[in-house]
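Below, chain A partners chain B and then partners chain C, in two separate complexes.
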Partner chain A sequence: MKILKLDDSDLKTLLARWYETRDLFSPVEKNGMAGWKRIEPLEFVEPAKGVPKTSLKTFFFPQPETLLEYSARPGDEGAYVPRPVKEKARERIILGVRPCDARSVLLNSLPFADDPYFKAKKDTTLIVGFTCKQPCSTCFCSWAGGSPMDTEGMDIAMTRVEGGYLADILTKKGEGLVDHLLDNREASPEEKEQLKTLREQAQGGTGSEGGPAEILKKKNLMDLYNAPFWQGLADSCINCGACTFLCPTCYCFDIQDETIKGKGRRIRYWDSCMFPLFTQHASGHNPRSQKVQRVRNRFMHKLKYFPERFGPLSCVGCGRCIRECPVNIDIREVMRDLLSIP
Partner chain B sequence: METLFSQATEAIKREARALLESGEVAAFLGFAKGSIPTVTRPFVARSPEETDKLIWNGLCVMNLANYLPGLLKSLEPARRPGEPPPEGPLPKVGVIATGCWSRNMVIQIQENQLIRERLVILGIDSPGMIDRRKLESLAGGKEIQAIEEAEKKVVISGKGFRLETARQEVLRDNCLTCTHPSPVILDKKIGPTMPERHVHEPFARIEEIERMDADSRWAWFQKEIECCIRCYACRNACPLCYCPTCFVDDSHPQWVGKSVDPVDTAIFHILRAYHCAGRCTDCGACESACPMGIKMRLFTRKLQKDCLELFASEPGLDINSPLPLTTYGPEDPERFIINGSKQQGTQGGK
Partner chain C sequence: MKNIDQKNPYLPYPGRIEAITIETEDQSLKSYRIILEKPEDMANWTHVPGQFAMLSLAGKGEIPIGIASSPTEKDHLLFTVNRAGVVTTALHKMDVGARIGVRGPLGNGFPVDKELRGKNIVIIAGGFAFTTLRATLIYMLAHRQDYGNITVIYGARTPGMLLYKEELKSWSQRDDIEMHVTVDREEPGWTGLVGFVPTIAGRVAPSPENAAALICGPPIMIKFTMPPLEEIGWTDDQVYLSLENRMKCGLGVCGHCNVGPVYVCKDGPVFTRDEVQKLPIEF
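And now, the complex of A and B:
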């Protein structure tokens, strides 16, 4: 696919054009906290540094997501018979997405490959990513298998260079967004070379070969499971869901029927492996009744079970959990501890 | 440089080590340095060597009382449900306690969640703890890479900046209105005794909210909780919240919806606050734990004000005076039952 060179006014024109038929979203400051918001084209500013506080998963796993609807009035025709929700499928573009967040969509689509709700969201969403110039001290995307210059999961990847952006058009959908510019804005060979160099510099050399995912996959599961350091983590943990709810690749959910004033809906909403009820059986038995078991599961899932089943870690290294954990549980330390087990 | 904090850190290390070495306690609960400068890590030392990790500074914001019931239970020999505890004394825990944390321990003892004899409390007067969000907003979006703290000032620094501020400017809101920095129960005192504090208008912000009309108050409340993600960090950081199954988690019966529907989120916050009525010590752990920066402490602060005005009660100060909502007396205000009663009541009793 092509690489275009766009100046700032090109970008403005593009945003206005996209806005005609699609919804635009981007990170914005809200109460001093960066979150995601629907924006007008002129509101867009490239985020200075880092990622918004909440992750991109809000777009793909709405909190809550209505799966089915039903009438809960006994007299109604078809009462209590669930029917699919008719959703308006307006396309949306998410702007200003960092490589880590874009990659999370790709990682989540591994377990959710056949999930119709996730697929529907993915089909109607375009991601215009912005590569990272300034990593935060809590960022570790390269270690987690990505890179600050990564383009995985994006439709278009913008990289800030002098005089504008180099826009790497990565998918057919992305091409559709800029089709009128394809022939007159192509980047020069020098500019393409510049982008290539930036990418090579960003690759820390930890790629998938010999990265933590590959190493942890080879380690004996029970050695990791029975490691001595889990108790120490559980000592600090308060078992809240801050880490899981801010994490872009924590996707666990629960399903419930809600009935309000004769209208019923089946909703899917976020759940967390930190909560004791997450694994509570109907029998009353709870296989993870202890805090230490729950803490261990969160990390084992991300760093061992997921890689074994799908390949990469279920972590993009965005550092949200590190920044916001009220008791400073740091997944990088857990990774180091796990890697140090023979 | 020797500071109040480095002296206290050394004293805590020394005392904790002695307690573990002598075998008087099986574990010592304190704080360790965090991997990022703005957050410390509640930490359990189980051997004398591990006490080297203990620290003390203004970012020790989690209420340690919160960990005690679980930690003590985990140290007991395993037994089946309903089986009585073994004969003889059970293992003890050493713990650091400031004014509010020690009051929470008193409340836990009153509510039969803790046994005083199983605690060895190192009391320390709270210097007022720091609000990391205030530091972050001072840094104006730049990343804080180091914090230096002295008795009266705090210096934050990072790439290309170094800012000094008066400690008072970055204290947590609850610490700014705190009048009880000294521990109420303790076995050994660490560090100097802070002078008694008088706070001018301790409920100023609450009175401001009370003066709003109902609609604007509701609008304020909804705006405040708008970004709640229902992670329950506030609840889980709270030493008053020890129910085995919280009402929000219960599904049989279900009291409240599970997602971030504004009505459900509102119910969660209102009920959480009311469950703390007459028990909250305003330790501020809820607010410090919240990843979204919600000021939910104002909800419990209002109830604190009501308890003070209606029952002249500040919970946890005296182990022998029952919590206001667990007792009754002929002098209790009853304006909420008897219309037009001459009882001295306040707005809170409406």
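And now, the complex of A and C:
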């Protein structure tokens, strides 16, 4: 695929063009903290640094999401027989996505591989990412298997350079967005070299081989499970669940039926393994009734269970959980503690 | 707009309740004979004994229930349901002819056509955990030549709390199954065994030679059944257990039923005791 050099006016023209047939979304700053909003082309501003407060998962795994619909009027033909919902076919482009968030979509695609709802949303969504120049104090993407210059999960990766952007066109869908510019905006060999250098400089983290995922995979499960520090960690946790809701790669959900005025829908919505009811049996028995069991489950799932099943950590190092935790629990410390278990 | 219906794992098959049997004297357990409404759904249905399905009541929700019918009973599905929450309470109030959705089959099931083939089979069950073992037993009786001796040890608190009473009677008249049905205490009119399942298992002392045990019941029963078996040489890899945990999706995604790295709904519910011993005790 090609690498293009776009100046600021090229980008403006492109956004206007994309907007004609697609919905545009990007982080919009409000009260000092950015959130994802639907925008008009002229509203787009490249985020200064860091990630928005909420993650990208809301686009692929909305809160809540209707799975099935049913009539709850007993007289209706097919009453109480659930039918599948119709998914929107209109494409959307998410702009200003950081490498960590783009990577989270790929990681979530692993457990949701056979999920038609996730897949339908992924099929109609394009990600135009913007690589990171300046890390925040809570960032640790390199340690989690990514990089500030990572392009995984993006259709186009924009990198700010003197006089505009270097746009790396990564997928067929991404190519479709810029097809009219492919022949007249190709970056020069020097510019391509510049991008390569930027990427190499951004490496040097503990990316894939020898990174935490590989090391933790080799450690004995029960040694990590029985580690001495879980209780101390759980003592300060207040089980608020903020970490799980803000995390781009926490994907636990509940399913409930909701009937309003004769119309019913079966919805799935975000749930959290931090909550005691999450595992409560109908008999009253609860296998994770203790807070320490729930805190341990969250970290073990991200750092040991998920890698054992799928390979990478279920963490992209965006640092939202560190930024928002009311009691300052830091997943980086938990990783260090786990890595130090022989 | 795109229709999501192709291979949608969240979409239940529409079904109807064809018959209801009150199983226990306290009426807490009823068996539902269910027919899938579309003939092709019923004809294409196939499962392995030990698998479960989500029973789906639109407006109430879904509940994971072990499939009590054998795949050899082709024209219907059987589910024995304990009344314990929102969905099961609603189900217990339903009548014959009512609509019900069935989503499944889910999970792995007992390896009846793999590891269990050619083995002497010991089925040990307590209380209402006999359901998927009924499916297994019916399946094995339909393929009787594929298995060695079949021994069944089944116990309930009282004679009135035993499931599938008519079938228990007919099985005990056969000479190709060794039946040991027991209740916790003496009761007028009961002429069968008296004693807890672990005690009876110790007395029956089934040989571990070329054998597999399928044990389903309350955790306390399983805990006390193991020592007498271990004493006569049974090892953990010969013992199959069926775990239960809270479930929502049944597809290994939603996160509710995980025990360490495994999902009871997808990797289980059937595990060897050997496999279970390597996991955190979160079930």
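Everything below uses one rule, namely that the second predicted complex is superposed on the first by the 339 of 342 C-alpha atoms of A that agree within 3 Å, B and C clash if a C-alpha of one lies under 4 Å from a C-alpha of the other, contacts with A are read in each partner's own complex, and residues count from 1 in each chain.
We adopt the following convention: a residue touches a chain if its C-beta (ideal position, glycine included) is under 8 Å from a C-beta of that chain, and two chains touch if they have at least 3 such contacts.
Every value quoted in this text rests on a predicted model; they were computed, and no experiment measured them.
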Look at where chain B and chain C land on chain A after superposing the complexes, then choose clash or fit. fit
In the overlay, answer first, second, both or neither for which of chain B and chain C A:Asp115 touches. second
Scan A:Leu67 for contacts with chain B and chain C and give back first, second, both or neither. second
Inter-centroid angle chain B-chain A-chain C after superposition on A [Cα, multiple of 10°]: 90
Quick one: classify A:Phe44 as touching chain B (first), chain C (second), both or neither. neither
Touching partner for A:Asp254 - first (chain B), second (chain C), both, neither: both
One more residue to check, A:Gln293. First (chain B), second (chain C), both or neither? second
Classify the contacts of A:Trp230 with the two partner chains as first (chain B alone), second (chain C alone), both, or neither. neither
Check the residue A:Phe140 against both partner chains and state whether it touches chain B (first), chain C (second), both, or neither. neither
One more residue to check, A:Val327. First (chain B), second (chain C), both or neither? first
Applying the touch criterion given at the start, work out whether A:Trp36 contacts chain B, chain C, both or neither, answering first, second, both or neither. neither
After superposing the two complexes, find the smallest distance in angstrom between C-alpha atoms of chain B and C-alpha atoms of chain C. 6
Intersection of the chain A residues that touch chain B with those that touch chain C: 254, 256
Interfacial residue positions of chain B with respect to chain A in the complex: 34-36, 39-44, 62, 66-67, 70-71, 133, 137, 141, 143, 145, 226-227, 229-233, 235-237, 245, 249, 251, 257-261, 288-293
Quick check on the complex: what are the chain A residues that touch chain C? 67-68, 70, 72, 79-89, 111-112, 114-117, 120, 221-222, 225, 251-257, 259, 264, 266, 268, 271, 273, 278-283, 287-288, 293, 297, 300-301, 304-305, 308-309
Considering the complex alone, what residue numbers of chain A touch chain B? 30-33, 35, 48-49, 53-54, 63-64, 136-138, 232, 235-236, 238-242, 244-246, 254, 256, 258, 267, 269-270, 272, 275-277, 291, 322-330, 332-333
Can you check the complex and tell me which residues of chain C touch chain A? 1-12, 14, 56-62, 84-85, 88, 99, 101, 244-246, 248-249, 251-256, 258-261, 278, 280-283
